[in-house]
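Both of the next two complexes hold chain A, though its partner changes from chain B to chain C.
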Partner chain A sequence: MKNCISKPINRVDAPAKISGKAKYIGDIHFENQLFAKTVRSARAKAKIVSIKTPTLPDDYYIIDKNDIPGINRMRTVVSDHPIFAEDEVNYIGQPILLVVGPEREKIYEIVSQIKIKYKDEAAIYNLEEAEVKKAVFTEYSYSKGEPKATFQHAERIIEDEYRTGRQEHIYLEPQGITGDYKDGCMYIYGSLQCPFYIEGAIQDVLGWDSDRIRIIQSTTGGAFGGKEEFPSLMACQVAVASIKTKRPVKMIYDRDEDIICSTKRHPSIVRYKAGLNKNNEVVALDIDIKFDAGAYSELSPVVLQRGMFSATGVYNFPNLKVRGRNFMTNNVPSGAFRGFGAPQTIFSTEMLMHNIAVKLGTNPLDYKIRHLLKRGYPTCTSGKIRDEVKLPEIIEKVEKMSWYRRKIGKHKKFKGVGLSLFLHGCGFTGKGEATIKGKIILKKNGDTVTLKVSSVEMGQGAETCLRKIVAHTLSLPMKKVICETIDTGLIPNSGPTVASRTIMIVGGLLRQASLELKDRWNDANEIEISKTYKHPDFLSWDDDKFEGDAYPTYSWGTNVAEIEIDPVTYEIDVKKITAVYDVGVPIDEKTLEGQIQGGIVQGIGWATIEVMNSPKGKLTQHNLTDYKIPTSMDVPEIECEFIENPYEFGPFGAKCAGELPFVGAPPAVAAAVSNAMSVPIRNIPITPEYLMELDKHED
Partner chain B sequence: MKIEFVLNDKKQVIQVDPASRLLDILRDDFELTSVKEGCGEGECGACVVLMDDKAVNSCLIPVGNIEGRHIVTMESFRKTERYKVIEESFLEAGSVQCGFCTPGIVMSTESLLRENPKPGDNEIRDALSGNLCRCTGYNMIIKGVKLAATRGKGLW
Partner chain C sequence: MVDGFRPADLQEALEFRARHPSIPIAGGTDLMVQKARGFGLKPDFNKPLLFIGHLRKLRQISVRDGNIHIGAGVLLSELIINDKISEALKMAVRQMASPPSRNLATIGGNICNASPAGDTLPYLYAVDAKLILKSVSSERIIHIGKFITDPKQNTLEHDELLTEIIIPNKIFNVSYYKKVGQRKGMSLTKASFQGLADIKNSNVLDIRIAFGSVAPIIVRSREIEASIIGKPVSEINAAVPEILKKYATLIRPIDDARSSAAYRKRVSLRLLEDFLSKLS
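Showing the complex of A and B:
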């Protein structure tokens, strides 16, 4: 029986958005506002020899490194990205200075008159060059069992290599931030995911305490990780500019600028050595993961960690060695993007398993089933799978819905079917949640309840679902439960809006607080309850050895993709995706379906048409004419179902859901292409050129 | 240059550089912020408005071309009965996530339904192919448009 929380309701933020009344940062006029335009590096790696600027008219300003009162670095996991370049630049698009003034036309004229002299230096353009030059930002490794000895006694050893491409978020609203220095305080308004990340970054750059800094979110037009760390950089720049000009400074990117300088999904190369026993099962696996982090490290260490801890997918490989390296290149920095390192390694491992099965002449699904994780099994980092793994039910359901087995046996050339199995670790990796200790406040005033959290609505439906958790617990109508404005002066730090943690972690705290409020409802007219996250005692994690529970629990899923390939152009037409997920209990089936539909389509884009190359450090695709994302004409029919599997510590049993749908689509599509063309697929995006080459080779 | 046109049912006479983009005039001079800029090159459809009942990308229209035309943005369309039907249908079908593409999609929907009040799936997909959405994956928007066409029978 379905849980009644799951019954769909209408989204609370939708009417303002449909009618065009919602105000995004570009729609908000600030009295006396100035505009800012960034002057960027034209070189991939160079020393700045000189910068010649024209005489500025009244009311126009140049803001650069000399205007920064505090630290000229953006605070994040590795605080290495300069707010403004100092004496060197490390990628094309790196910010050097701002031109600020009242008229945009005049600003562009000034920008065109600025002459920068560079002295070029030897640059690194890709992973291969970076490996030769040993340009490593981060290197991690972990192991389990006896990989060395197992390989020695293996019946068969298979080596293989997989590659995934760079991906741009293409949130429909480009990045935008306004800084307003007023009465000794800094107010930052903008399109953002993580208000308290920005607060911290501003503290470093201005050398101020947080009590003089307010971060206020405007309606945010999509993010997907692209507005996780990047807005901190823009916020620091406009903050400094506003102090210098004593006026609000607004910086809205156009699409070209946004693509050129904002973070991307890490391009990856994953190498495998698989040791098979006499039953042809993979008993030992050596995984070597390489990510192109771009010119600065920033968030890349944690992206790599999630990639490494997801690299075994839904499988139990008893003997395992995993090495992960982030390489420094002179490309635009890579950063957070839905899935956060996991899509790269899940794709690679799914295709490895698929390709081994095909090589052995077995059905890929049957082969995968022989390796599945079960409750009580150790995770890849020697933690424990504590909750029931409903993969058998998930597989049974998808089979009934899609007739996968029947279809895979009957394939014709240019027409194929493929299946993926996948998981996603819920919430922050390792000690993340224990360190950040998210806090929430619930306040009753009469018959109205206000929830105060720092989890933002950015399109994913957080506001609706969080309010629903509280309203449902207190049996109140939705309109009696409201969200406090996302303003760091008014809300506690419940952590950033990332890592599919909003429902499970922040929603979990709200559920606890609501239950307490329910008990105390009649005690007083005004009641305030605050809750702080406490990491369950049974979870252990060793951050040095990478040993223990990398995640408190996992969400699971399967996708079956049915595709056709144009025999002349080799373009892939995805006809249908059938999907089954275990996300615990859905908080709202309609909002969840939105995440699933959108995530699958974004994954199909990455796997097929989204090509973004950076030869010699310069992106060859930097607008929506040459970087194509799926349109309404390109998307398949998507049918999805859920298997309920309530998680004890999630609100109403909910686990994570936002990133999971993205992770599953690419390997399903690639497996279907492999099935259609009878070739192993090892790289995405699967461009027509790549497919044509493979087909020629096969003939 | 002096341009005369009708904006949201009101006659306007403006003194303007004819090469200015209609998008900028609507947003900056008339403060009609339902019209969004997503790409500035006619690819994404966030800036779609109606020009004589047809959906156009306002970022591609030099304002010199609107002489004598009737431009409609969401600010006036949202007062109509047809809008109400689209809003309810989009709400129910879950057609909206971040919302940045939504006003443009509503304008394209209005333009489609005026021309074809009973569109099939493929006709809807075709009519919305110039409106990019990165959140929804489109299927739930298509469902919303279909629902609007059914519910608003007789309105278009």
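Showing the complex of A and C:
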């Protein structure tokens, strides 16, 4: 039976966006506004010897490190990225100063006259070099069972290595922020995901209390994690500029500038040593994860943690050793991107399992089934799988929809079918939710209810779904439930819009508050209810040992990819993706399908065509001519179904859903290519160039 | 100094060309990208623009003496729907850019841009297309291979405009085209291949072979084509290794952001091999 909350409704943000009425930061004119252009490092690693600037005309300014009243670092997990470079630069594109003024043409002229002298230093360009030079930002490890002893007695040991590439978000709207210093307060407007992250960053840079800082979101044209930490950097820059010029300062990137300097998905290398027992099951696994964090650490430690805690995928490996390292390179910093470290390790582990199965001559699905997690099993970090694991139902359903087993049995060269199984930990990693303690407010005024949260609409459908949760609980029409403007002066901190936490955590709080409001509905004309997140008592987490429940619960899924390869050109044509997910209960099936289709297509892009190399610290593909993401022409047929599995603490039983669809597509596509070409696939993106090399011995 | 001029007709356009150094612009889908400087800034044109996209005389497709004359200002999207245009050319044009770009971009622009990745070029080289270049006082007709000299270089004089493209009256009963891009739409060509042949009574009466994106200019060799013409198709198979070897010396691709030289070369030869295998 379909849950009635899941029945699709129209997206509340759609009319303004479709009609063009929605105002993005580039559309908003601020009286007396000035524009800002960033002067960036042209070197991967160097000391700045001198900066020669021209005489500035009236009304033009240069803003640099000397203008920062507080701390010259962007506040995030590791606050190591300078707002403006000091005496050194560590990547090409690192901001050094701003030129600010009323006319863009003049600004560009001034920029072209600024001469920076560098003294180059030895740079680190990739993971291999970083490992040799021991340039490690962060190193973590955890283990479970008796890996050492189990390896000693293993019947067979298989070692393998997997690689994934850099990926750029390509949100439709490039980054843009305006800072307006007015009446002793700082107002920041822009395209952003995490208003309170920016508030904190501004506090550090200005040395101010939060009551003088307002962060206001403008309509945001996509983010995918790319607007999680990066807007903080721009916001701090324009804030300082606005104080110096006493005018609003607007900074909007072109696509090319955005690509050059914004964060990317971490390139990865994952090495495995798998110990097999006499039944050929993996009983011990040693996983060594390496992420290229780029020039600054920023929030990479948490990306690495999610990568490490997702590295066993949907499987139970009783004896486990996991090491994770973030390496420092002189590449553009890596950062948050849909999936947050998990896509790299899930891809690698799925392909390891696939490749072992093929090597053993067994059906990959049958082989995987022998290792599946079940309710009551320990997680990789020795926590507990508390909720029912409906993988058997998920697999049965996808098999009926796709005829996977039948198709893989009828092997034809250049035609392939591949299957992935995957999960995603819901909400923040480790102690994240317990630390942030998200807060929401629900306010009744007559027959209208206003919900106050810091979860933003950025194209994913958050506003529709959060309002729907409240409206549905109170049996109110959608138009009677409204969202407060995302303005840190008006809303409580319910946490950032990240980690697929919006529906489950923030929506969960709204559901609780709505139920309470329902009880008290007739008590008064005006009622305000606030709720603060409380981490369930039964969850335990040791952040030093990485032991316990890394996540409150998990969402699950499977993808079957069917592909064809052009026998002459090796181009991959993804024909169809069949997908089944357990996301608890879908809050809105249409919105969720949007997330699924988008996630799958973004995953296919990462797995096949999105190439972003940085050979000497300089991105080879730095514009949309060279860096290609899938277009509507490249979208395969996508068929998707849900298995309901209500989660006790989620609103209407909902769990996480936003990142999950991204995670599943790459290993399914890679397995299908492997099937079509009879070669093991270990690297993505699987370009025709790479495939031709793999197939060389064939002709 | 004028920033731009929008002539009433071709005559006025040519008169402007004769008097001013200028950059002819029709759809601008290449030029505006090449000259873009950044958000909110004027594009970087060092000469006044001469707008020619609207000139009716350049927008006609007609048949004269059996040859097809295509106006230089004919849109890519118009080529696709015109019944005088061969299926072979339509196939190439359909895979160019995106519908909005095809509604702006012109065939003349694709030729004058002179990119080795220009997607109408392999076909135009293969069919020996000729170009009419006009000035106020002269008109000359030139083979496309003589017009494009290097990447981004052509022999258009400062007072001339490309007005028409002539496709000779010639029927090919086998046509093969493949564009290899990074994705299915809105993609620049990594490598492309155009094969045309006229096969009668199992004999190769004519064959044309052109490669795009794998050398500074489109690769076509009359000499190698001549070595195949006249052969019975049954003998082609045996000749394939020799033919591939000859073309391999002409195909000199580069490594760039979109692909590798090795892939481009190998895939070009594989496409040729595939085309030849379809003749018998």
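Please note the rule applied: the second predicted complex is superposed on the first by the 696 of 699 C-alpha atoms of A that agree within 3 Å, B and C clash if a C-alpha of one lies under 4 Å from a C-alpha of the other, contacts with A are read in each partner's own complex, and residues count from 1 in each chain.
To be clear about the criterion, a contact is a pair of C-beta atoms (placed from the backbone, for glycine too) under 8 Å apart; a residue touches a chain by one contact, two chains touch by 3 or more.
All values reported here derive from a predicted model rather than from experimental measurement.
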Using the touch definition from the top, say if A:Met692 reaches chain B (first), chain C (second), both or neither.
-> second
Scan A:Gln621 for contacts with chain B and chain C and give back first, second, both or neither.
-> second
Return first, second, both or neither, reflecting whether A:Thr497 touches chain B, chain C, both chains, or no partner chain.
-> neither
Just chain B (first), just chain C (second), both, or neither: which does A:Ile609 touch?
-> second
Give one of first, second, both or neither to describe whether A:Glu571 is in contact with chain B, with chain C, with both, or with none.
-> second
Please indicate which partner A:Thr329 is in contact with in the superposed arrangement: first for chain B, second for chain C, both, or neither.
-> neither
Go through the superposed model and pick first if A:Gln305 touches only chain B, second if only chain C, both, or neither.
-> neither
Which of chain B and chain C A:Glu105 touches, first, second, both or neither = second
Partner chain in contact with A:Phe35 - chain B first, chain C second, else both or neither | second
Residue overlap on chain A between the chain B interface and the chain C interface 254, 625, 630-633
Considering the complex alone, what residue numbers of chain B touch chain A?
-> 27, 31, 33-41, 43-44, 46, 73-75, 78, 83, 86-87, 90-92, 94, 96-103, 106, 124-126, 128-142
Which residues, counting only chain C, touch chain A once they are in their complex?
-> 33, 37-42, 98, 178, 180, 182-188, 257-260, 262-263, 266-267, 270-271, 274
Partner chain B, residues of chain A touching it in the complex | 8, 10-11, 13-24, 26-27, 29, 169-174, 219-224, 254-255, 458-461, 590-591, 593-594, 597-602, 623-625, 629-633, 635, 637-638
The answer for chain A against chain C in the complex is residues 35, 104-105, 108, 252-254, 257, 568-571, 609, 611, 620-621, 625-626, 628, 630-634, 688-689, 692
